[in-house]
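Below you'll find the structures, each written out as structure tokens.
Okay, so subunit A shows up in both of these, paired with subunit B first and subunit C after.
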Partner chain A sequence: MALIRALMLLSHEGPISQIKYNRDGDLLFSVSKTPPAMVWRTDTGMRLGTYEFGEKSAISCLDINKDTTRLVTGSAGNMIRLWDCETGACLQTVTTQTSVRTCEFSSDGQIIFYTTDAQRKISPELAILTLKQFEGGAFDYIAQTHITDSKVTAATWGPFDQHIITGHENGSLRFYQADNSAKRVQVLRNEQIHKDTVTDLKMTSDKLFCLSASKDFTAKLSTSDRLENIKTFNTDRPVNAAAISSLRNHVIIGGGQEAMWVTQTHSHTGKFEAKIFHVIYEQEIGRVKGHFGPINSLAFQPDGRGFSSGGEDGVIRMHQFPEIYYDFEFDRFKFDR
Partner chain B sequence: MFTADDSEWSPDTGRIDWADEMDRISPEGKPSKSTLPDSQNHIDEGKGIRTEISYRYNAKNQKEKITRTYKIEKTAVPKGIALRREWTKFGEAVHDKDGVDMATTKESEEICFRLTTNKDELELGIPKELSGLIDKIKDIAKNESKTEIPTQPTEQSKALPGTYTLPHTRPGYNPGVGGGGYNLDDPQPAVKISNLSLDTTEQDVKELLIAFGRLNRLHMPKDRRNRDSHKGVAFATFQRREIGERVIQKLNGHAYDHLILKVEWSKSQRPRN
Partner chain C sequence: MSEFPKQGGISTGDGMYGILKTLGSDEEADSSTPELSDDEGYVECISDIDILNKLKEIHKPNEAETIMLHHRLESPEVSKEFDSIIIVENIPQIDPKGEKMEKLEIILRKIFSRFGKIVNIYFAKETNAMLKGFMLVEYQSSDSAEQAKKIADGYIMDKSHTFTINLMTEVVEALGMSDEFKEQTPLAYPGERQGPLWWWAMKEDAHDQYAILHQGSNTDLSNSDVHLSLWWNTGSVPRYIVERLKWSMLGFTWSKQGTFLVTVHPQGAAIWAFESFERFQKYPHFGVKLVDISPGENYVVTCSLPQSEDDQNVKIWNLLTAKVVKTFSVESVVIYPGGRDKPAKWPLIQWSYNDEYFGILSLANQSIKVFQSDCMKLLDDKVIHIPNIQDFSWRPTGSNVLAYWFPEQNQKPAQVALMSIPTRAIARQKNLVGVHDCELKWTENGRFLLCKVIHYISKSRKQNKTKTAFEVFSIGQDREIPVISIDAGESVTAYALDQNGNKIAVMSSEATKDVIGHQSTLKFFSVDPSRASNPFLKDMTGVYASHLSWSPLGQYLVAAAISQNTGDLIFIDATEFSVINRQNHTGFTDIQWDPTGRYLCSYINYMTRATECSYALWTFYGRCYYKFTIPFLYAFKWRGRPPKVLTEGEQLEIQKNIAYYQKIFEQKDKKAQRNEADKLFKKYRAMFNDFMDVKNCIKDRLHELETSLNKRLDSTMDEENFDIEIVESFDKEKVEIIK
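Entry: the complex of A and B
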């Protein structure tokens, strides 16, 4: 056992919606349901800057390009914003029909996709934009399609950016691929992996597997070429966030009761800890306490030596693993006996 | 890089009681800061050590010199990170204090971190080695409560009416089960100090006992529910039995931080094989 201390980043006024490390792991970006978006230094926990929004709409997603020069955010104010990471200046905006749910840069940082929610009679949308024109002023839609059956709740680029892997409200995972000539996206594969809404979707660092978290109390690891479910991590709570270590065979899973029930229960029973699971044995091996509300977003440090969690309580907690984390060996002979 | 070594503290800096707090507000007011020398900052490039010297007044209006030494470490980082180290604060963060602002970033309380495949350990936070022992301890406790111990009136219980008697000297006082764990036949038996206030830290007890002689071991059981707190009990073993005797003689019934200490030889609760 070891005692560790987390760094608590306290500036956000609303519940944290997403946190992400940049590729080198020296900066942590965070967005919450109340603007602005923020960036933090991960070594000291110092707040480096804020990205100021004009309006007061909830920010739901963010992404950073690989060389940490551009930040993209999507908000409930029907707006995609592109930022300069260093100065905090807003370079460009794209207005969408409805509130934005997910957005992400491609590996080269030249293309982004975004998905939107359903609102009134407008069905959810999946669109891919090229960024070169985007920055110049006029942007170019590579593809734009309305998804009529089930809205996208989580999405990420697949291997080699060939397609987009999406998680849906009905629990399915899908491949969408752009059809350049028709300027549309089409479904390549549709697998019913979960029983309830998919809340988070992460790729391993080699992009061979994707980890999906769901409100059906599980997180599942699937292959990213055929969407075959290979591992299941069972918990006793709705899972809101998951992350995969690049260093060891561990995944970390966070969640808890829905925010609407939190006031009625004690923080002990709310099950707000982050759980560490062994990927291969699908067994829980550790818990990290701290949040007073459900965890909404989790991110492993790119080097796998720590992780951060952002909660409904508006706090981001940055953890560094103690020495015992690296010494731990799963008792593999237990099953042989 | 982050280690600070406070080498020149006056011995009188420590806990400040609320009573002392009142005393500090003297009629003349607080001492003016202008009489203090400026703080100094030396950097020894060769050794890679930065020394920071500052001065302040303590609670007794004495001048204190604080020397902090920092070790400067240089680490190689990727070029991208090195370039981003030069970035200055922007947006709302401009109004933050230089460096890490305590208003935005705080260190959390200590969290237990353990990796285990044992389910009990995960859910109850009980170490693997102990999870089997719990049932045994419960059995022992059950057996002990069955055998009734006749309470004998002691000398202290005949105290005059109206005078304060210590809880453990009152008639009918039942020490109950728990605590202990030391054998009186040990060459170095433990001294049990109970009725400690919850503000008392292990360091305080150490300072209290070290005056009597060489301390071998000091143990303060933690409260199982609240890990920051203890149970108000400390067990100390000394190098010689005589030291322990002197501690009991001097400290039993001694007032310490608004409570009256009870000091005795610790009794072994479980029979030794």
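Entry: the complex of A and C
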């Protein structure tokens, strides 16, 4: 038992939907079901500023480009917004047909993709657009396709931005690639990895693996170029979020009972802890308590020396690992070093 | 059955071969009919197993035949000669010398000659010259025998006699088993006799096994993902034995001596044995909910909920043959006295220690029905009528004694009494006044009977103020059965009697004025009759627990806070009345000592507490050496141990030389630990290497992809420059802010 200090960031009024560090790891961006989006200093936990929306619809996703100049957010108000990170000015908006589920910058920051939910008779959509003329100019759609069979619930860019890895409501993971000439995306690969909805999808920092979290109580590590499942982390709860360390072979997994059951259970039995697993041995090595509701989003600090979690309770907890974390050996034979 | 271990198979095969020769193929040599059915003088006064042995002696196979015999055993068709013989059970049990005998034989011949020509009929006889209730019928052809079984099985001869018919070949197999593991053939080492059935107890390490019923990570509770897994408790990391999916759907249990694993399925119950855990026998009983095995492992009791009035929902089976030997109709109110969601009153049928008798309590008729299990009849054809009886309990070892109690009624005092069976003599009784409730508990060695008696304090009885006293009956060598009364005060929350000693531990908590809450005290009393005047031994404060549990070995006990968030486990040495260790296991719902009394398991049962489950294994002095988290754990059960083989003298001898054995075992443990570490090392190294291989493999693949991409992309230089410019300007601004 080691103590881990947490900074509690309490400004959000609604459940946190996503948190992300910038690449340098000095800033943390967060969005919740109630606007605005916020940015925090990671060393002190001070709030640097907000991104004002002027509307009330829930924000579901965000991404920061590599050099921390642009922020992109997607909301349930059918809107993708591009922000200037520094000034907080909204530079550009894209109106979508339905509410946005995921959006992400490519690694050069020139292209974004977004996915949307199904609403009434409109089927979910996956679109890729380029930001070349983002200073006032129009977005250029590279590809835009309706996905009719199963909703995209999580997505991220694959290695070298060659394709988009998507996680679906039916538990499958897929590769989508843009076909430039037809302005459409097409499925390259389709693997049934999970048994239930994929809730989170992240690439490792070296882009070799992708980590998927699912409501089927597991998180799984698959190869990023062929989607072969190689490691499985079993828990006793629906997993809402997962993150993988760049420093050590650890993943952190968070989740909890569905929000509708939360009021009926004690926080002790609600299984709201974040669990740390060893990647290679698939064993739980620690857990961090603190949230009073399910964890919705997790992010490792880019240097792997800390992590943050955002919960249904509207709290973001920012943790720095204690010294003992770096000395910890799961296998006493020290293969891992 | 065909995969029966050879060792047992051959030895029994001998005997069966003997009977086969005499009954079957030797028919031409002897004039068969007179020898077998008429020569009463010869077969009198021997039981059927004796017959087998006798016949074996009479017809000793010579060498050539023995070889042939082995050949037979290896071939799938064990014995063709048996095919034409059937065994008819449930024929009237009458005097073979009486007048009715002739008539009976005529009737039976008439019935069975319908299926083919009868070569021979043989009636089995009781020692007291009565017919035993079954007979053998030999036909000329096996077809007739099969026909007879098919058609006449279940033939109702009259009201009380319904035939059960089996082919001899089937029974041979069943009897083969019985010869191997029943008590009838005395051998020097019961362990050897039990052979493959007691395989786990004969392992050199003498580790114990446990079984857990759990569910994987699946959310749906439709029993689709239920695993039953078995483990060795090694004192360090448990060793895996076997796990099967859907092995048991509705819980499981071990038989008392641990020989059989009992699983419950919607279609019925099944028992499993041997090292391979193959199915030993099954008991088809649709909708079975509760299962029990008699302590001597001769009978299986299954119980379902009654579907209609007069539904024979409780069935007693012969464990070996899987024949129903007795059925009862029991209302669901009796099975679930506290309602369907409360635990059942189980076992309903209570067995005496050696399976000789069993009793059923009937609250409605105010009586105990005691049955003799060899004939499944009421003892002396009479129920034991005890007005207002509330509960009874058999002595678990030693002799057939049962204890019962009834409360006050019509100026008659309440009473706890011991009754010997079958004489029905009251061995000891104790009258009590002002009794509210009473609980009867025996120690496992049958030495003490503990009655927890709750007395009313006020005479009006309207206030619910009660106090607790213990009445301890000690059954020693003497004929006298002394009773000690121990007054334990008003607020007893938990108590436990030393299973192997003479102490009782009582937890009482009293409200205090100065401290908010309760002050709890753990008191020890002696139940030794020589200390009857002053049984109080010692009290300990600062130990709070909801449950007390003695190690089966005695001396050590654990005070446990069951189903509480603190999950305290306090390990106490009762010789010095000191706390050895305080530990906690958050939220555990049950504790169980292993049969050696050296290890304790605490676990969270998902049914009682819907949280993340886990179980922890502790040594008796409170060191946790293993803790395992399972999402859904439904049951944990230690496998029991067979009775001790060594005499008390031999046991003492071992105790004397304990230092010598200790060294050996310590060395073994060390070696085992080293092996374990080696294994772990290999496992980890393999996992690590595998992972690294995969990682390198992807790295290579991605590198290939990268080079191919680089070849294609050659016009992105400008944009990259543009990127770098922005980064620089951003950094400059940031520096300014910090200043």
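Note that in this section the second predicted complex is superposed on the first by the 327 of 337 C-alpha atoms of A that agree within 3 Å, B and C clash if a C-alpha of one lies under 4 Å from a C-alpha of the other, contacts with A are read in each partner's own complex, and residues count from 1 in each chain.
The criterion applied here is as follows: a contact is a pair of C-beta atoms (placed from the backbone, for glycine too) under 8 Å apart; a residue touches a chain by one contact, two chains touch by 3 or more.
Computed from a predicted model, the values in this text were never measured in an experiment.
A.B. asks: Both complexes share subunit A, so when I overlay them there, do subunit B and subunit C fit or clash?
C.D. replies: clash
A.B. asks: Thinking of the overlay built on chain A, is A:R317 touched by subunit B (first), by subunit C (second), by both, or by neither?
C.D. replies: Only subunit B is touched by A:R317; subunit C is not.
A.B. asks: In this superposed model, does subunit C or subunit B come into contact with more residues of subunit A?
C.D. replies: Comparing touch counts on subunit A for subunit B and subunit C gives B.
A.B. asks: Kindly classify A:G286 by the partners it touches after superposition: subunit B alone (first), subunit C alone (second), both, or neither?
C.D. replies: After superposition on chain A, A:G286 lies in contact with subunit B alone.
A.B. asks: Output check: A:L82 vs subunit B and subunit C. Expected answer is one of first, second, both, neither. What do you get?
C.D. replies: neither
A.B. asks: With both complexes overlaid on chain A, does A:C210 touch subunit B (first), subunit C (second), both or neither?
C.D. replies: Touch status of A:C210: no partner.
A.B. asks: Does the superposition put A:T235 against subunit B (first), subunit C (second), both, or neither?
C.D. replies: second
A.B. asks: With both complexes overlaid on chain A, does A:Y51 touch subunit B (first), subunit C (second), both or neither?
C.D. replies: first
A.B. asks: According to the stated criteria, A:L9 is in contact with first (subunit B), second (subunit C), both, or neither; which is it?
C.D. replies: First partner only.
A.B. asks: For A:T68, using the defined touch cut-off, is the partner it touches subunit B, subunit C, both, or neither? Pick first, second, both or neither.
C.D. replies: both
A.B. asks: Do subunit B and subunit C land on any of the same subunit A residues, and which?
C.D. replies: After superposing on chain A, subunit A residues 67-68, 86, 284, 331 contact both subunit B and subunit C.
A.B. asks: Give every residue of subunit C touching subunit A within the complex, in rising order.
C.D. replies: 216-219, 565, 609-612, 629, 631-632, 681, 684-685, 687-688, 691, 694-695, 698-699, 701-702, 705-706, 709, 716, 719-720, 723, 726-727, 730, 733
A.B. asks: Sort out for me which residues of subunit B touch subunit A in the complex.
C.D. replies: 77-78, 80-81, 84-85, 87, 89-93, 96, 99-101, 103-117, 122, 127
A.B. asks: For a test of understanding, state which residues of subunit A touch subunit B in their complex under the given definition.
C.D. replies: 1-11, 24, 26-27, 36, 38, 40, 44-52, 67-68, 86-88, 276, 283-290, 317, 321-322, 324-325, 328, 330-331, 334
A.B. asks: Would you mind writing out the residues of subunit A in touch with subunit C in their complex?
C.D. replies: So the residues of subunit A touching subunit C come out as 66-69, 86, 108-110, 159-160, 162, 207-209, 216-218, 223-226, 230-231, 234-236, 238, 268-269, 271, 279-281, 284, 331, 333, 335-336.
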